[in-house]
């Protein structure tokens, strides 16, 4: 049995949560305390068992007026997969023009998440 | 020299200027000119490729460029005139602007001006950082520009001084790009950035954060080879015996933002030392009639959503001013920061309408209340679980509570 | 194969360049070898930029004679070379009766040196020159002034270059051999030069050059002076130079405020003997001291007014125990014929530079017949000062003809793209970022390059084909970047 401290990020209250965990074959949340609402409990569970994140990065653009197009994960991905996703992002190239919202990489790193463009990059004339 | 005339000139095409120009046009000011020094609109948002923008306004966690695009699209839809790659060199009397761009010099005579110039970063020189001056010392924002906009990596082994959000964001960015971020050092006994960023930029990647610690020496003649850090005591001096060397090739500084008010000062507009921004009233008008201020140049914000809101208020007010609908208030109420409060804005109000009070506390508190009072009389009270200098607090103050007041004080109790 | 020259000057500081420029009036094949990637990277760019009147030096010394002569030559030289200069005058302040005696002594000494216009002022008179200045009396020296030290160093070099002097930057002298015809000089990158006359203007390394020739009687003790640069908004408060009356055995002239020709204020310098001939760090103790002094001397000073710190090294001949000053060593060595040796040119070296040029020219004339060139170009092309200092109408005209004058790259200092391009395309071929800074002033403002450096990098990449490894701050190893993100 161990205790983990987290600061909830769902709202500005920033409750300091204390989570009792039993670590075995699976992680079992025994208790969550310090929260002012129920959302915090659910967030804490997710955060301990399988923390999810969105990440932003850049992808190389060919023949664009900017060298890089800023991109992000369309939906959250597991924290543990971030570097797998980064590996694909770093290797990828896209041709200009790129439009905001375009799907650049589908189902990145085998996850059910797309990498989408977050800005327009016009083709150089 | 060519002289142009415009009813409204908005200086800055970042989030503040964009929202203000749009709001002014929508409120009936037809003749709006927006001036931006970069070659594209969006301001600092162009390089803020991380998300978290627009949670309040759009209910979504957008990236900086996406947030900016919303406003750029609306600016285009309203066919608001803009000059890109143009710098305002000076502002005389608040209404005559000298501008410069590839197409030459021009003078603009403006009926009203909205200041939206944003901030610059505090530098190594400004904090009198000791040591050598090798290559490899960057402010976090400049590093962000190089990496995100120019595809240039500035280092491999990074030490970050300052736990402000920009430094934290860059800690994550650099790590994801394959650099090693050794540590973040913060001179205060608490972190200056948002808890969400401490978690998602540092803890996620095992990057240690050392509080009450600062860089006291930089080493390396040609390129940074390392820094010496030490604990900083309550007298703001290094504690002897706590010095240690951290090897690195890059020192990133995230030690504060300074509103860019050179133009404002040049026009003899009053600046408050607490915010380093203009003194404004509840219309966000500065000490010079017809010159308004909003966004980071007025006071450093942490949420762009509030910048947009503030700027929209300013846009509407400016349109009213130009129509002649803005009567100067007969008297005014000064608002001052009291115990536990770093600054308040606006610093004076006319007492004739409701207004939004913005403020920051001077240190972290838990389970306290922010109290607005006139002498002993309570005007407004807001109970909060968490109060932190990194998070701007906003309170709606109703006019019926402040009528006949002479001055207000805002404090933490 | 080696290049043969009539004169080879080691060191492209203000002294070396002043000598080169003076000698370039004559039919001589002249080369300057410099270890750094640009001129003036030693002490020449790292000082107060003050022109001294000559009151502080013992009559009959080289320091005294060369300073007074140099001071009077500087005005004409700066006009020809388009360098900013301003004879703003100096008050040397007395706080007590002992100080007043010092002032009288300095006045007499100055007059013996030929310094014009010296006057002892009472408290009322001195406050007319500088309101709110403390003290009971002051010595007024109207020929004291300020100059841009790196501006002068660069201008001298560029004019010398225009008149045929060859500059070899990034060439550190590693050994020297005496030959029948003169000297064989080897540099670190495998380059070899032979020369009839060899001039040692190596500043902090002048003792090292001496030792290469077996001359072991000189030793340079680097003495560091730290400075803080303050925001231009404070400028209006200071109109003249203000120094305290010197006290016994003070290693320098004391911490003071100095206006710069660009409108900043300097606080400093300190005095600290160090071992390293190349350590220009800033230290926390000295900076704390400078800040304290700053707050006392400028009551309206706030922490947001600090722009930057820097330090420079004095090439002192006196050890930490000896303290004080030794006179300049400027000699045409009899034991090493053809070797003209300059050692220990610390303050007032900057002021003396034009006069040193003439003195060396005379020494060279003793060995080689000098024939004046009719083609000597005394005027340096270009404008005096920054574009932003021109009247508005003139700027508007120029900008309408050249869009690069309209495009502002450095927002804080209002430096135009045209000026950046001129700095990049400098005649000496210096390719460092510091080189652009010293010529165009970009990155010297409040944001210290936060806004303009990315733009300058873009210009260099796109318009000049710089690769990432070409971006160096000031030395080949001072690379700005480590590679591409993608």
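We call the chains A, B and C, going by the order they appear; numbering starts again at 1 in every chain.
Here is the rule we use: contacts are C-beta pairs under 8 Å (C-beta built on N, C-alpha and C of every residue); 3 or more make two chains touch, one makes a residue touch a chain.
A quick note: this is a predicted structure, and the numbers were derived from the prediction, not measured.
> Taking every chain's C-alpha mean, which one sits closest to the mean of all protein C-alpha atoms?
The most central chain here turns out to be B.
> Tell me which of B-C and A-C has more C-beta pairs in contact.
Output for the comparison: B-C.
> CA centre of chain A versus CA centre of chain B: separation in Å?
About 26 Å separates the centre of chain A from that of chain B.
> Taking the mean of the CA coordinates per chain, how far is chain B from chain C in Å?
39
> Per the centroid of Cα atoms for each chain, what is the distance between chain A and chain C, given in Å?
Computed value for the inter-centroid distance: 54 Å.
> Could you check chain A for residues that touch two or more other chains and list them?
58, 60, 67-68
> Show the residues in chain B shared as contacts by 2 or more other chains, in ascending order.
Correct list: 147, 149-151.
> What residues in chain C touch two or more of the other chains?
Only 485-486 qualify.
> Sort out for me which residues of chain B touch chain A in the complex.
Touch list, chain B to chain A: 46, 49-51, 61-63, 65-66, 69, 147-151, 176, 194-196, 198-200, 204, 384-386, 388, 391.
> How about chain A: which of its residues touch chain B in the complex?
Contact set of chain A toward chain B: 6-7, 9, 12-15, 36, 51, 53-58, 60, 66-68, 70-72, 79, 82-83, 86, 100, 118-120.
> Can you check the complex and tell me which residues of chain C touch chain A?
By the definition above, chain C touches chain A via 485-486.
> Mind pulling up the chain A residues that touch chain C in the complex?
Chain A reaches chain C through residues 58-60, 67-68, 90.
> List the residues on chain C that touch chain B in their complex, please.
The touching residues are 228-229, 233, 278-284, 287, 291, 302-304, 306-310, 392-393, 395-396, 399-400, 403-404, 406-408, 411-412, 414, 446-451, 453-454, 457-458, 461, 468, 472-486.
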